[in-house]
Each structure stands twice: as C-alpha cells, then as structure tokens.
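All chains are identified by letter, namely A, B, C, D and E, in their written order; residue positions are counted from 1 within each chain.
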Amino acid sequence: MNAYSYTLLIPLIPLFVFLLIGLTGHKYKPSISGLIGTAGLLVVTVLSYMTAISYFWTDHIAGTAYTSLKVFEIDWLHLTEFLTINLGILLDPISVMMLVVISTVSFMVHIYSLGYMKGEKGFARFYAFLSLFSFSMLGLVLATNIFQMYIFWELVGVSSYLLIGFYYTKPSAVSASKKAFIVTRFADLGFLIGILMLSFMTNTFDFQTLVSSDSPALSHMGGATFLGLSTLTWALTLVFIGGAGKSAMFPLHIWLPDAMEGPTPVSALIHAATMVVAGVYLVARLFPLYSMVAPDALVIVAWVGGISSLFAAIIACTQYDIKRVLAYSTMSQIGYMMLALGVSGYGGHDGLGFMASNWHLFTHAMFKALLFLGAGAIIHSVHSNDMREMGNLRKYLPITHLTFLIGCLTIAGIPPLSGFFSKDEILAAALHANPALFAIEYLVAGITAFYMFRLYFNVFWGKSTHYHHTPHESPLVMTIPLMVLAFGAVFSGFLPFNELVTSDGLPFEAHINYSVAIPSVLIAAFGILVAYMMYRKESLVPEKIATSLGAFYRGAYHKFYMDELYLFVTHKIIFRYISQPVAWFDRNIVDGTMNLIGYSIEKASYMIKGFQSGRVQQYGYVFVTGAVALVIIFVFIW
Amino acid sequence: MNILTLFVLIPVVTMLAIGFSKSMKSIRVVAAIGMGIQLILAAFLVYAYLTERAAGNTAEMLFTYDALWFPSLNIHYSIGVDGISVAMIALTAVVVFAGIFASWEVEYLSKEFFISLILLASGVFGFFISIDLFTMLLFYELAVIPMYLLIGIWGSGPKEYSAMKLTLMLMGGSALLMVGLLGIYFYSAPDGTPLTWNLLEISKNTIPIEMQRFLFPFTFIGFGILGALFPFHTWSPDGHASAPTAVSMLHAGVLMKLGGYGAFRVAIFLMPDAAQEQAWIFLLLTGTSVVYGAFGAIFQKDLKYINAYSSVSHCGLVLFAILMMNQTALNGAVIQMISHGLMTALFFALIGMIYGRTHTRLINEMGGLMKVMPFLSVVYVIAGLASLGLPGLSGFVAEMTIFIGSFQHTDSFHRMLTIIAAASIVITAVYILRVVATLLYGPIRNDHYNHLTDARWFEKLSTVTLLVCIAAIGIAPLWLSDMINFSLAPIVTKLSMATSSFVSIF
Amino acid sequence: MTGNIPLEYFLILSTIMFFTGIFGFLTRRNLITMLMSIELILNSVNINFVAFNHFLYPNNLQGHFFTLIIIAVAAAEAAVAIAIIINIYRNFKSIEVDKVNQMKY
Amino acid sequence: MNIYDFLIMRHELVLVIIALVVLIIDLGLKPAQKRHIIPVAVTLFIIHTIIGFLPSSGGILFGGMFHSSPLLVMMKNVLNIGVLIILLQSYSWLIKPENKEKMSEYFVIMFFTLTGMYFMISAGDFLMFYLGLETASIPIAALAAYMHHRTKSAEAGVKYILSSALSSGILLFGLSLIYGTTGSILFSDIAFSITDSPLQIFALIFFISGMAFKISLVPFQLWTADVYEGAPTNVTSYLSVISKGAASFVFMLILFKVFFPVMEVWRDILYTLSIATMIIGNLFALRQKNMKRFLAFSSIAQAGFILLGIMVGSKLGMTSVIYFILTYIFSNLGAFGVVSAIENASGKLSMDDYNGLYKTNPKLSLLMMLSVFSLAGIPPVAGFFGKFFLFTSAASAGLYWLVFIAILNATISLYYYLLVVKAMFINKNETPIPAFKTDLPARAGLILSALGIFILGFWSQVYEWINNLTVGIF
Amino acid sequence: MDSNILFFLLAGTILLFSVLTVTTRRILRAAVYLLFVLVSTAGLYFMLNYNFLAAVQLTVYAGGIVVLMIFSILLTSHISEKAKLAGMKQSLLSALTVVAGAILTIILLMNHQFTASSEPAVSPDVQNIGRHLVSYGENGYALPFEVISILLLAAMIGSIIVARKESLAANVKPTDENPEK
C-alpha cells in the first residue's frame, strides 16, 4: 500500500455506480438513481481534490521536479514475451490535473442533470451512462500505459455513443451517435496501428518507459523511412490521428456538431470539457516522445490544430443552433490546444506551449462546461435550440444570463478572466515557434469573440420574442453548477500552471507577454464590438453581410460541405461501390459457383439419362463397346 | 471413469432420457438438466485443469485416457485435453446450455429436436477431447450431420436448400479433410515403426516435406470450410439464415470453431513446414475474408445474414491468426474462437427471440424495439459492442491479441495484412451500429409491435449466461489467456523449428 | 485327322463367330433371335476351348470338359430364357425387344 | 475322400440338403398348407447359418477345384446373414395370395443360387467358378420374373437373363483365351504362367467385363436399374446385396489369387472403372424417384467404392472390402427392408409417397434414415467405418487423388440420400402412407439390420476378426 | 476326305450360317440356320476327334435347345412373320464395334506365340471321359458334374414358376404399373 492507493477508488466508484444503477435502476424511483450517481461523483470529486492537493502541494518537495508515480498496477493480459497489458494508475501533473477537471465538471453535470433531466424517460439510464463515462474517462487519464489508454479510449467512445443516442427514438440522435462512433473508431484504427508499430519497436506499452530519457524508441530513430518520414514519425502520427478523431480535429470533426443531439449536460461534460480533450491529453502524455523522436509529427499536430481552429471558428459564425455554435467553438478551442502542443518544445521555457495547452485545457473545461450548461438552461426554458427563436432572455433568466456572459467573456479572452491567460500563453508560444500559425490564431481569437457575442446578443438581447410559455429561470440544482463553474472560469486563470504542469515537471518562469496580450485583447474587443453592432438590436446587417460574402458564407453555413463529402464517401463509395458489389459478388459469383456446381451435376444427370434407355440391346452395345474400349485403352494405348 | 468420457456420455444419456420422456415439459427439463450437468462438469474441468497445472503438471495433455479400438489400424479411443481444448469445451458447454433455453418453446417434434441438438453437441464435445485423428474425424462428421435435420425440419425460409447446401459443402470439406488425415496417418511414423493416429505421437515425427506440401492444403481447406474460409464460406449465410435459433447458435458458436481448432491442431501442428510455406496463400484468403465478410454484412438486410457475414469476417480472423503462427497470434485465435462463439451465439439467440415476436428478420421492417423489449435490446446492444471489439467484452481481448501477435512478423506482407485485418474493426462498427440504429432505435415502425412482450425467464437465462461469459473474458482475460498460452508453448516450439521458407517465396 | 490346319484358323473362325453373335445380339429385334445370338457366342467359346485343348494342351481334358459344361449351362440358360420370353409374350403380346422398355432413365 | 472332407464342404452340402428338404416337404403340402413352408425354410436356414459359424479348417478338394479356408467360410457366413435377413423380410410378400403357389420355389431357388455363390467363392479353377457364377445368376432371372403377371417383373427377368448371358459369353471368351495362353484352368497353375502379354491382358479385360457385369460397374451396369426396379423387392435386395457381395468377393479373390502377377494392369483398369462407376452411378441416382431404382443406382455407386479396396491388393484392402461389404449388406438390407415393408403395406414405391412418413411410421423412417446414412458413410453408423477403411486402404497405396474423388462422390451421394431423409422428415404430405405394423419376421429382419448398422462400427472385433483371416497379395 | 478341305467346308458353313442367323428376317429360318451352325460345329469336334463332345453338341444343342427355340417361336410368332430390322444407326454402330473388336482380337491372336504342352496327350475317348467325370481327384470332374445338376434343377424350377399358368393367376388381377415417365 502506498499513500495514493485510495486513488484506485476514483475510477472504481463510478464503475460500481454504473453497475448498480444499470442493473437495478429500474427497480426504484428514478430520482434515487440520480442521487446515487451524484453521491458517487461527490466522493470521486473529493478524492480527486485530495489527490491533487497531496500531489501538487503536500507531498511535493518544493523545487524538485514532479515525478510520475505508478501507484497501482496489475497484469491484465500477457501478449508476447515482452508485451503485457497492464491496468494501473499513473499519477503525474497532467493526470492529476485531468482528475480535477473531470471530477469537477462531471460532478457539476451530475448535479445539473438532476434538474435538467428531471422527468425524462430513462433518467436512471442517463445516470448509469454518466457514471460509465466518468469511469472510462478517469481510467483513461490514469492509464499507466498506452494500451490501457486505448482500452478506456474505446470505452469513452462507447459512453459517448450511448449518451449521444440517449434519445434513441429520435432518428437524428441515433444517426448522430452512429456517426460519432464510426468516425472516432476510424480514427482509433490509426491509434491502434500506431500502438502496434510503437509497441513492436519499443517492446513496451508503458508510458514511463516510453517517455523516459532512455526510451527504447530512441534506438529506432534512424530506422526505416516511409514516404520520407521515419517509422517512428509514422507511428506517432497515427497515434495522433486517434487523438484527432476524439478531439474532433479537421477533417475528423464532423461528428462533433451532430453529437449535440445528445442531452445538453452530456454535451457539456463529454463534448466540451472532457472527452474531446482526450486527444490533447494523449499527445501531451506522449509529448516527450514526440518531441524527442518525432518532431515532424508535432508539426503535423500544430497545423492540424491551427487549421481546425480557424475552420471551426468560421463555421461557428454562421450557425443558428446554439449548441452547434458551442460545438464549433469547442473544436476551435481544442485546435488551440493542439497547436500549442505542436509548437511546444521540451523542458523549461521551451515547454511553454505544453503548459499553455494544458492550462487552456483546464480553463476551457470550466468555461465551456459553463457555456454548455448555460445553453442547456436556455434550451430548458424556451424548448428550442435555434437562436432565431430566442431573444431578450436576459430578463427571464438573470442567473443564466450573468454566468453565460462570464463564459463568453472568458472564451473571448478578456482579462482577467482565465481564458485570457491561457490563450495568451498559447499565442505567445505560437509566435515564438511559427508566426504563420500565430497569425491564424490571432485571427481566430477575434472570430471567437465575434461569434460568441453573436450568440450572446442574439439570445439575451436582440429582438423581443414571444414565447408560448414564459421562460423562467431554472431551479437551483441547475444554477448552482453554473455559478460554480463561473467561479472556476473566472479564477482558474490564477492557478500557477507554470509551476505545476510543465513538460519536464520542473517549474519555469512565465509572465504575460504584453506584445501578444494587448493586441489579442484588442482583437477580441473588436470582435465583441462587431457583434454588438450587428446583433444588439434586430437588424438586417447580418443578412446583408451574409449576402455580400456569397459563396463563402453559404459554404460556411453548410459547414463547408464536409458532411456531404462524408455522406458521399460512406453512402456512395462504401455502401454502393464496395459493400453492394461485395454482397453481389458473394451471392452471384461465390455462391453462384457453388450453385453452378450443383446445377451442372444435376444437368449432367439429365444429359446422360439417355444411356439408361430401357433397351437391353443398347445396354449390350454399351457393354461390348465398353469392353472393346478397355481393350483399346489398356492393350493398345497403355 | 475418465472425466472427459463423461462429456460424451452425458449427452448420450440425456438423449436416451429424452427419448423416454413423454410430455414436452419433461423433454425440455431433461435436456436442460443434462446440459446443466454438462455445464457444471465443464466448469469443474476448467477448475481441475487449472489446479493440475498449478500443481506443476506439465504434460502436454491432461486427463488422458487411451483404449485400443481397432488394433490392426492402431486406432485408439484416445482422449485428453490441454488448455485450448478445455477452453473450447467450456465454450461448448455454455453455448449448448444457452441453446437449450433459447429453444425452450420448440413445440414441433420437440423430442426429436432436442435429441438432434444434443447429438450435435456430443459430436462437438467428442471432437474437442479427441487426440486420435480417427475419432476426431468421427466426431467431426457426427457433429455436422444433425445439422441437416435441424435446419431442414425446424428451419425457416428456403430451409431445404440451405440445409442441403450446408451439409454438402461441409461434407465436401470433410472429403478434403479425410484425404489429408489419411495421408498424415501413412506418414505418421518413421519407416519400420507402426503407424499411428495419435496427434501427439505424430507430432514427434516429421512428415516428409513433399507429403506435407500435398497434404497441408487438403487438411487446411478441409477444416477451413467449416471455419468459413473464403471462398468456401457460402454455406454459412444461407445455413444460418434458415436454421432455428439454437442451431444457429450452436453452429456459429461452436461448430464453426471445429474448423479453426482442427486447422490449428491438425494442419498446422502436424505439418508446420508446409504451413510455413503455404501460409501466404491462405493468409491472403483469410485476410480477404475478414474484410470481405464485414463489407458483405453492411449491405445485408436480414439480421441473420448480417450475423452470418459477420461470422465470416470473425472466423476469417481466427484462421488468419492461426496462419500467423506465433504464440501471441495463436493465443488470439483461440480467444477469438471463444469470444466469437459466445457472442455470435448470443446474437443468434437474440435474433431468434426477436424473430419469434416480430416474425420478420428484415431490419427495415423493424425499428424502435428498444422501447418494447428493452431487455432483449440492451443485450443486443451489448452483444453488438462485443462484436465490434469493445474493451471489457471478450471481442476486444481476442482482436487485440491477434493484431499484436500478427504484427510481430517483421516483413511487410504480414504487417500490411494485419493492418487490413485491423481495418475490419471499423467496418464492423459500421454494420453493427447500422443494425442497432435501425432495429432498436428510432420510432416504432409498426404499431403492432407495441404489444410485443419482452424476454421471458428462459430467454433471459439463455442470454445472460452468454453475456456473463463474454464479460468475464473481457474483464479478466488473464486466466484464459495464460491457460491457452501454456498449452501453446510446445506447439509454437514445434512451429519455430519448422524451416521457414516463407522469405524465399517473397 | 486334323491335317495341318493351324490353330489360328480355328481361333479366327471362333472370333468371327463370336462377334457375329454379338452383332446379332445387338441388332436382332426378336428376343428369341437374340437368344440364338447368345448361342452363337457360346458356341464360339466352345470352339476356342476345344481348339486350345486339342492343339496346345492335349495332356488333359480341361478344355473339353469346360465345353461340356458350357453346353449344359447353355441349355439351362436357354430354358430359363425361353420361359421368361414366353412370359414376356403373355405380358406384352409381343417379343419385340424394343417393346420391352417400360423401365428406363 | 472322407467325412472330414465333407465337413469342409458343409456350407454347400447343408444348403443343398435344405433346398431339397424344402422341395420335398412342399410336395407333400396341400395348397392351403403351403404357407407353413416359410417357417420351416427359415428355421432350416437359421440352423444352416449357425452351422456355418462352427469353426472349420481349410482344405482343398477335388484336385484343386474346391478350396476352403477360414476366410472363404467367413465370406459365406457373411452372405448367410444377409440371406437370412432377406428371408425374414420376404415373409409378408410371400404370403400374398398371388405368390402362394410358389413359395417353396422361392426358397429353393434362393438356396440353389446361394449354393452357386458358395461354389463360386470356393472355386479353385475357372470351371467351377463359371459354373458357380451361372448357378448364381440363371435362376435369379427366374426369381426376377417371379411375379410373372406383372409386366415389369417379366421385363426385369428378360433383361437380366439376356444381359447375363451376354456377359457370361464375353467372360467365357476371356476365360477361353486364358486357358489357351496358360494351358490350365486351375487358378494355381494360371498364376504361375500368366504374363502381361497383350492377349492375356485382352483376356483379363474380358474377364473383368464379365465380373463387372455382376458387380454392376460402369459401363457394364446398365441392366442394374431396370432389373432392380422390376424384380420383386426382396429379389432386388438379394441381387443388390448378396449377389453383388459374392461377386465382389470372388472378383477380389481371383484378382488376388490368379492375376496378381499383372496387378499393375488391373489396378489401372479398376482405377478407371471405379471413377466412372462412382460418378455415373451418382449422376443417375440423383434424379430417381422410384425407391428401388434409386437404391439400384446407389448400389452402383457403392460398387465403385468397393473397387478402391480391391485395387490395392493388400491385406488391408481385402479386409476393408469384406468389412465394407458386411456393412453394406446391413445398410442396404435396412433400406430395402423398409422399402419392401412399405411396398407390401401400401404398394407405394415412389419417393414422393414417402413424404411425411415420419409422422405416421417413425420407426421405419428412423431405420431408413440410419440405413441411408450408413450407405452415405456418416458416423456413427457402420457405413462410416466401412467407407473409411476402404479409403484408408486406398490411401495406403498412395492413391490419394482417387480417394479424394471417391469422397467427393460420397458427398454427392449424400445429396440424394438426404433427399430420402428430406422426404420422410421434412416434406409435408396431405396423405402420407398410413401407419401400419410390420409382421414379426419382417420386424426381426429390420431389427437385425438396424443392429448391424449400429454395432458393426463400434464393435471393432468384427473388423479384427476379418483382418485375422484375410491375406494380401504381398 | 482331306481334312483341310473338310475344315474349310465346315468353317465356311459356320461363318455363312452364323451371319445368316443374325441377319435373316425370318425367325424360323434363323433357327434353322443356327441349327446348321451347331451341326457344323459338331462336325468340327468330330474332326478334332472329340466324338463325345460332338455327340453332346448334337443332342443337347441341336436336339434340345434349337427345338426348344423353334417351339417357342411357333408359340410366339407367326411363321410368315418377318422380323423388323434394327435401325440404321444401331446396325452401323454395332457393326463398327463388332468389326473393331473382331479385328483387334484377331490381331492379338495372331501376334501371340502359343506354346503347346509337351506332356503326353490324353485321348478324349469315352472311357477316359467317363473316368474323369466320376473321379474327384486330380483332373476329376465329379464336382462340376454334380453342380451342373443343381443348376439344371434350379433352372428347371425357375422355368416352371415363370412359365406355368397358375390357377390363381387367373383370379389375381394383373396390377399393371404405369410406365414411369
């Protein structure tokens, strides 16, 4: 037993809760399930905070590097002589940080859902799934080895699938869940192949071994190349593809907007705060390896992040579904994090990007969960997702309004809210490494502010809309989480991330880079201003602008036709040009051959029936001819 | 009495008891009791086996028993088990047990039904305990033939056609097989020593390479046909589609495993040199069938066809892994056999139960079943997740072991194939989710389905039994994997001694 | 008494007779004439046996006795065959061989 | 010649005596009492069968014309068992009014033909062989035409006698040439002087053709189906089982004893014939609807399998052939027994009439199923073992491809055997053959065959017993 | 008479009438031609000194079988009736096979070197034959002699059951099966 053995409870409690509710949930009142789930998460949250406090502060000797601790490990499956899949718990700065993020957001969502999901059919099921998700996510972040991560990675995917498809009678939800699972699974294939390659080269799955300074991967650096990239780069790029799928990076992002079909708390938890950042976490987890052996892969990471953030931000400006706007915003923000990792170096101040990425992950979890939950409160009160059907809600929903505004300001990067700090560090890191990417991100910062306030003004200001039922503020179970998260969004910027979560575990000196910060604040303010002008009051300006942008606007509005492209690939190519021919081939050629054999035998049987003519003379003829033929064959020819 | 003999004896006794049963109720109760005892026995066997091993018994086969049967041909009734067979026996016991309950309500000629079913089971048990090639073949064919009646009498759709096709193709397979086995027999011992059918003894002898080259394809394809080797798999979709529930379960769940088990136990084990040489051909075939089956499944509309094609894909993976011929892949192959056996049995059980209620198997005609039969639907989803390789369920363990194992080959041929095979997990996800989405989710498409009932106790028992096993393997695979691994070691040692001429071909 | 007729002459004679008999068997329409053809066949075999016995192996009488037995068997055969043919005639009102083909294929 | 020499011939002597006894008793019976001849004849035959199993030593009588050895005795015993079952199964057919006046003749002819087969088996020279052969075939023609008021029966008779006469003519021509080239008709002498000179090969081929007629090998098989269909069912089973079995034994014995110096030649010939027989037999059987015709073609295909064992020429081959014929006897008699029982009860013979039989006559259906499975070589019934050992023997000579073709053919044959099973178990029928009870003797016959089908395979002592008696060429 | 001429005469007769037997359209004539063939064959036997055999040939064949055939012809056909001829195709094919077979056989016969036995000859006189027929040792033919009697008995019984008209048969309606399609 070691000091951290209680961390074992962190994933196990949600698992137990899941099994409990899943197996017995239908036996008692739904609300009890909710309470059980919430209570479980409360314990988890407390334990997570205990862990964080002890790890970062109480047990830590100041000035030394944070080391990674393997507090628990069992053999799960023996594969080869060297490769064993273990299940265990690894504590290091990023995993502990993730514990905090996940438990906080999850706990809030649990509480929030008590109100939001009240009366829904399948309330117990919802909590069971939430617990399953929490278990999987916690297992993922605590993974000691890449294969354990992959295991929980898949579990997270399936919980996401189940939660997106929570309203299973709704066809759109069903197809969204399907899409989410399949797209991420496609990406996971890359992950899996990456693991195969990596594990084959290094003979280990273990993170500590992989990322150590004498990593077995190092010996393969000069190894074989394929299309100009070394095998290791390929492996790590493939691993990144897995991460990109989960984190909805371009072009594997298409599932994320659709995933908003799930209940809003789910979107907050999974598709904003926790699961979607798993990709970032994955890259961060292997970061030393990336930076040591495959810097080329990091370039890819950076560019994918950059492009995704810009791409998503543009689309976000054109969407009317508030959850979709938030979804694209999420994608955009994750792009930031990826980019930060991609441009980061290793160790000391070079690792600024790494730190910024994690920091942004943290703050983003807070404010994005806040925004989603706020959006949920809005939807809850007006029964619609479409911002065109909203307006002037600030009167009806004061608490929601206020917290939502905080969220918007945070994401826009207005100081001294947390988003400002983390985004600033990212921009600083990008500027340092790659000015082009910096320019993109700088632009995105402005767009972000614009679309968030477009949303904000449209919903809370703008036209006065008549509602069938007067919207009313949500109950306390829903507003308290909003407030808690708003608190987090405001203050998490003051956490000393540069001391806690760094690439090499050692603290380094970080400060606000005013040459970056001031312009970014300015562009954010500019974005807000534009939004204010366009959407503060109902006007025709947005429409005019949209018209003047023409094709570009339509493209953005249609998400640049990515969905259509995917539909084309899946339905036309895979379904019609692969699957259908395969099925046809199987029925007609393969099976047909078998039937043909049978048919020819039958046919032959009919063809030779004339020999059995019933005429004894013919029999005699065949007899004699047969004998003579045998003579000819065996006497004369043989 | 040797514990293994009981595995054949209990079914026989059960069949007799059923034969003397009068009412339908007593028939099925007798069947359930018999197979229940069998299940307990299987569990005990696993326990006993592990204890023996833990006690340090390193014999290749445990619980052996040997009786001379036909002295002049040196045919023995020779039985014994290693970890692999123990696992397969346990699988069989579980599936048969579940199958009995899945067919609880067979009314038409129920006595005959249960007798045939148990006859089939006894063939399978016999096959797995056999060490002697002759008895192996005997039990193999014994297991195949009741299929004809089971499908023909109690099946649905074009049952006569399917039953005939299935039987003939499988018997065609055993034609190849018999040639292979006979050839093995006549080269089973060095000149001057008596020939033998005993697997273990044959394995000590090296069959001349020319003969191996000749016999290996016979043996492998012979077993492969039952293992749904592309392009000899077409009996499988039609056969499964027409078969009654329990038969599909047993067939896909257990009988198809005879193919994989045999291909590995006989073809590869006894003729490693030829296997090394010719593996690439069959790897291409099986690699194809993994992807091909999955793509084929996407397009199907009939639940059973979907599952049948899925079986083609999954069983293709078994043969694929077997042909990789290293310890990890072989281990994966065995786990995959068990895993696929359990989940495909579960699938077929569920399909049968759903069909029994909706009277259609076309997914387009159904929808929203989750609402009316939550239990069955949830189990279906879990089975689907197992099939697409979700961690925590058995499919994942098997597939990952196979992929890791296959990837241990250092040449790009094997690796590319591995990657292609791995790609099947995505395609699998596509068709599984498609089914789940169309069948279980969405609005109810037919009003009349609103009145359907959920699973009854025996159906629950049947599905839960399978489900528990799937989850047990998925959550704690280590005991199973280690049990198999231990038994694989001598086989792999023999394989590695085989001259690898693979490289020379490429 | 045989002079210098070579064995081969007998053999050729019997061979031609044999195949003539077969030809008859294959082409005659009447069941009784088919039976006659059979007798030709048997007769040719007899000539063979006798010729061989006489020319090559006069040291025993195997060929001779074989012939004797064949003649007896031929008689038995003819008796049964004729009985059946008469029966055919009763049933079919004809002894045309082509009429006797109720069972075929 | 002394009393012990007669003991060596006890099969033949006892059987002739039985036949004569039956004939004499029959003379003394009034028409109304004629039916009592059946139990007498059957009982006598049972006694004869039992006597046959008494231990006997071998010996050579009549200057080498008559051989006996434990092997030959066993072959005769095998035939006896088959005949016994047939006699039992014939009961309900024989007591029909139209057969009433010629019951004893049925037995007498059967016994005489069986005697012919004994002599054929025991023959030490071609003269006895020929005589046995004719004794075993000519009277059967009369049996085939037994129901002479039926056109089909008459037709069967005439087809059989004519074809048989032609074949024995050809066979004799071959024999005459063998005599001419080797100078003897004694097997032992011929074996010394036979060579592979073209004329001898020619003679061999004619000999094989003649035997092929009896075993119904392609292309000498065309009579089979018609005769089987037309003859009374029990005669058909006699023809298809006993006559064919005996001919196969003899064929094998002569090839082994006489023609072994030219084994290379006849192995190739049999190879060809075997493949042709299996394929053609199967192809014809596929389409058949008449059960007897169907079984006829199936028995043709089975004959092709028998060749597999014969052409090996080894002890293993001989053992497996005898064993196979034993299993074949039981399986085929099981099938014919059911066909005959149904024909006697309902007059129905078409496979379509069998639809839904299981509903009304489950036991008969089960027996039929077992029989056809046994014929198809499906475990656990005897046919599987029989076929498997045949294949083993062929494989022992390295004839793997032949084995493969044979098993493929077995698979094709499974198709049509399954058609029977399908008819009985799967097909629906508005008017199935009504349930009926078979009479006691027939049931005894059916049970005997069922027992044989079941026990032969598992009871390996039978195989070993045969194996102890057989000899190979080498 | 020169035996050569005798042989050729007999052989010629045999061949001629053999062919006529199988080609004539009148059945009764065929029987008569057959008789000629059989008698000529007996002549051959005489020529070769097998007097006993020749006698048997004459009595059994000519006297027995042919007479039987003639009776049955009379029973079943009209004397004036002309037999139909086989179809052209059938005749041609049969002729082809038969001619091929004959030629092959003759070629083989001519090419074979027959070696005569050098042992002393046994005279085929009636005493010898009689002794052989009843002896059961070496070169004894008692067994075939007995067995042929079984055959003849069986054939006789067989002929009777087939050919006789039973009292019952009149009462039993012939069950006429329809020919299978």
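The criterion applied here is as follows: a residue touches a chain if its C-beta (ideal position, glycine included) is under 8 Å from a C-beta of that chain, and two chains touch if they have at least 3 such contacts.
The shown structure was predicted, so the numbers you read here are calculated from the model rather than taken from an experiment.
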{"item": "Mutual neighbours - chains that touch chain C and chain E alike", "value": "A, D"}
{"item": "Far-end chain from chain A, centres as C-alpha averages", "value": "E"}
{"item": "Which two chains share the largest set of C-beta contact pairs", "value": "C-E"}
{"item": "Chain nearest the global centroid, as defined over all protein CA atoms shown", "value": "B"}
{"item": "Centre-of-Cα separation between chain E and chain A, whole angstrom", "value": "100"}
{"item": "Chain C-chain D separation of Cα centroids, rounded to whole Å", "value": "27"}
{"item": "Geometric centre distance via CA averages, chain C-chain B, whole Å", "value": "64"}
{"item": "Chain A: positions in contact with at least two other chains", "value": "609, 612, 614, 616-618, 620-621, 624-625, 627, 631, 635-636"}
{"item": "Interface hub residues of chain B, defined as touching at least two other chains", "value": "168"}
{"item": "Residues of chain C engaged with two or more neighbouring chains", "value": "11, 18, 21-22, 25-27, 34-35, 51, 56-57, 62, 65, 69, 73, 76-77, 80, 83-85, 87, 91, 100-105"}
{"item": "Interchain pairs in contact, sorted by label", "value": "A-B, A-C, A-D, A-E, B-D, C-D, C-E, D-E"}
{"item": "Contact set on chain A toward chain E in their complex", "value": "617-618, 621, 624-625, 627-628, 631-632, 635-636"}
{"item": "Residues of chain B that touch chain D when the two form their complex", "value": "69-73, 75, 134, 137-139, 141-142, 145, 148-149, 152-153, 159-160, 164, 167-168, 171-172, 174-176, 178-179, 182-183, 185-186, 214, 218"}
{"item": "Partner chain A, residues of chain C touching it in the complex", "value": "22, 25-27, 34, 97-98, 100-105"}
{"item": "Contact set on chain E toward chain C in their complex", "value": "2-4, 7, 11, 14-15, 18-19, 21-23, 27, 30-31, 34, 37-38, 41, 44-45, 47-50, 53, 56-57, 60-61, 64-65, 68-69, 72-73, 75-77, 83-86, 90-91, 94-95, 97-99, 101-102, 105-106, 109-110, 114-117, 119-122, 124, 128-129, 132-133, 139, 141, 144, 148, 151-152, 154-156, 158-160, 162-163, 174, 177, 179-180"}
{"item": "Of all residues in chain D, those that touch chain B in their complex", "value": "316, 319, 373, 378-380, 384, 388-389, 391-392, 395-396, 398, 400, 403-404, 407-408, 410-412, 414-415, 418, 421-422, 425-426, 460, 463-464, 467"}
